[in-house]
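Here is the structure we will look at.
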């Protein structure tokens, strides 16, 4: 098995998680990690070479692929640079919040003929894969409705929210991707209803914290997502796909399957509290599949267009919220996705 | 305890169910039941007096209240006649599909000073009452979102569908009432997305069989209902109310709580298949509370305005579906419900 | 449908429950109820005729069957008197605590050629019937193990415990009957381990409050029952039958199927707290089937021998506890039940 | 953090699993692995040094601890040799099937002053740790009963069964350890009822495949374990501890938390099929804690006496089965464990 040599940009929370996973993968070497604020203690414990200068990665001929775990506003530029350097690319979502900027990045990738995988990790979660399998194998018949509940345990800091692009581009974008993934179909039209119920400060910066988003899909089915920036009981991640023969649902995962029965009631665990716990396996599997696509020279499982289209749906949702009526995604895509 | 004497109009499926329940209630006498197509064998077995002529009920001075279980298109007229005869009235939903006709009926009730209870039975279901209690007692904090799934096991006959008023007035109207009941609030605006996924014949008569309806409530919260005319696994009736301190959900009821584990999987019961099974207790309790409101001379727990407002939301939903955009309920109520 | 006329002995808690049920049964008339301490208000509300003298029932030629809901120590004598009067008999468990006394009663029944049904109501519970069906239909293959958990919410009063016959004859006897019912087999040998963990006063009267009873069945399978006189979370009634193809379990029933999720955990209802709630349907069904066996002249679904054999197992369990080793049931039956 | 250097004896299924886990532990080095039938391809892929000769490990002064993953019949001898070489020892269960042989091994460990941890991995399972925590924190009050269901998906090969020591020493021994672990108490007396229900061939070699084992504990509580060598639906591992304030249960883990609802029923996943999947985390944690006990010079979390006492209970269970009556564990321990 030929070794695949990687370089990483960014060693924040998500970058460290990925690095830990990659170190345990046979046949893969994480040669260099670039971060202007690198945690040297962490890197030393893991025996990782570091640099403050991303250019070192791009110029290293041994490095076959670059993993982009940097702040979102750097993604597009780093994709372009990496593509021009002939590196394959794994990039955390989003590529950019501006679709034109995304298109520039995708053009660079296409021109260079390198692979780009976007970090929609949830597609690789075992429970979600089981849902997808039930859909694809016809266990629920013809798809009629997708229903997603996606609620965070607590809002991110206001400093983050200000540059997040709003709830639809920051949070719902994962759910939009799942709608596309599970349906194998595009979203034609979006209607978003929103409210500020969690924290008035979120409203003051022009964002919302509670949303119900309805979609019409090109396969004729409907989809609906409800989001909240805060669920008191933890990270609530549920999916249901309903079809002509039945439904397949994924309910919340818990730390244990224990049950405490007392005079106060019968109590089970709250959902796993944090996205890194809930989706921990998916982060490893998405990188494994990226490595495999390089090794086998096959298309990566999540491509640039997936990154673009989820953002386009998010923009349509945002426009719907502002206009108070449904918006067609084609308004943003410059094409008819049907 | 003073006996309450009742007369009933209609002894079809729902009328028989109610009659069975009433016969087991202490202090209540079902004196006469009028139906042009009365099932005499059934009546004789239960020892019920029958007539083909509704007028007999209205003119009987001993009868304090009339129970209207007749076809929907007769409800409003019978309410008016009963009110003019000074009888208290229990009427199955809907009062009428036309809000002006409903208003005529409510005016007659008000003028006569009699009580009118509308048959939104689900409010009396033990599970739904527990949800309401959690909301009212503050167990979930400030309400942020109501989520209802309401799917029938199979569509009604096409003959019925043609006169049903459409999915929103026929089926979702129960869910609209629950949104009002659980929130203690009014619906300001409705957006309905619909599809014909179950049976093309439903589309041919201008109706839909699959719907997602989003609502903005006057308390600032959102609500969303998903409906289907057919769920392969049975009658799917779930509610979730989400608030600042947590959520309260009601999942499906089953005939047993048994679990069969074999090499094929771990199998539990499907939901109770039929609305008469699922909500059987609620049908008895709603009548008990109607009797109590007569006995104690208190307002009935579901009043005429509840019957009207649910229909107005349904009309707004239908208009939203047709126009492809959100519609304010006030357009149909002639007032601002906020 | 020919009317079946009944008389009842005893109108305590269980007698009232049965009377309420019987009044709602078509084609059945509860003509007379005898109780030296009859609650006249209750009887008047229901329109029931009462007497202080049981002899009135026995001598009434119209009464076809006598329902014995009196204190346990009167059961055998009343069975004998009723049999001699030619009445069919439904008798709450136990017939007696002394097997010779039971045999006398059964002999009287046999001699008179009347029907006797013993009140092992749990056999008619819908969940337990589903378990039985899975066993009988071969859904779990060849039976290998029966596992029963049976825990009361709280111990009965000490005055009752003193005359109860001990935990095995009073409480476990229901579970012993279920082992026989579910297996369609007899119990050959019993080993009982006991402890006083709930209340030392129970130990002081020579009884135990916590028990694990293991049985070897004549079909080769094993069975195990764990009992407690007190479960803080309510009435715990679970059954599992394990076989070569899988298992069928019945878990606890609850008042609602609601789920409350907050920062404190995910909470569902405690088990239904009281045996009258948990098994309410079974009490009605057992009488319905008794009526049917009279009407159709078929054997009742639970016969005198069922009442005897459960007691014999209980006596063997008690002997096992005292001797500290397994005891064969045949020691008490005077026969080899294999 | 000072590096801990390890050597391993045995690289079969369980040895490979442990080696994989150890390679991902920071601050730990697996220097050498000895196995006469070593899988060289596997070792090379992981970069592991191997030898056919265990003596190399014992004589290597850099190796601080020896991990014994060899066949059970070698354990005691290897413990003695390792202890004499001054190595700390982690040994898979059982130390030996003969208690005198175990005592020899423990004496060698004590004499050498090294640490010995026995591989009762289930103690480190997150669900079981949560049960233990509920017990220790008083969440269920005073312990009254422990109930364990432990069923394998399929019997091991007959060749293995012949040398396994029988179901109690091979399979139930894990459950006996859990009874001791959860109760913090010793087992005084055991009664075992057994049957051959799965495979007659198991009976022909003098073993059983179905068992119910009842125990009296020195804290006054009872415990009961039911075992089967074959559950058609997979690996069934459930625990319930019942106390004066309630109960804590651990139910089966599944690969996903998805629910498929169709006309055939509502289906969830079968239990994880294999002990390596079910308890995969526990295998890592037990080694981590062994490493920590070396690093911090604290007693290991599972000691030699734990290995001995579980075997003594197993011997008492086997004797009980053969004699058909309860047996005191002290008969085998040569002491009164109370």
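Order of writing sets the labels: A, B, C and D. Residues in every chain begin at 1.
The rule is simple: a contact is a pair of C-beta atoms (placed from the backbone, for glycine too) under 8 Å apart; a residue touches a chain by one contact, two chains touch by 3 or more.
Quantities reported herein were computed from a predicted structural model and do not represent experimental measurements.
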Separation of subunit D from subunit B in steps, with touching chains one step apart: 1
Chain whose mean Cα position lies farthest from subunit B: D
Approximate Å spacing (C-alpha centroids) for the pair subunit A, subunit B: 42
Whole-Å gap separating subunit A and subunit C, where each centre is the average of the chain's CA atoms: 58
Shared interface positions of subunit C, touching two or more other chains: 231-233, 245-247, 261-263
Touching residues on subunit D, where the partner in the complex is subunit A: 23-24, 26, 45-46, 126-127, 130-131, 134, 139-140, 245-253, 255-263
Of subunit A, residues touching subunit B in the complex: 141-142, 144-145, 147, 149, 151, 191, 193-195, 197-198, 210-212, 214-216, 220-222, 224, 226, 228, 230-233, 236, 242, 244-247, 324-326
Contact set on subunit B toward subunit D in their complex: 231-233, 261-270
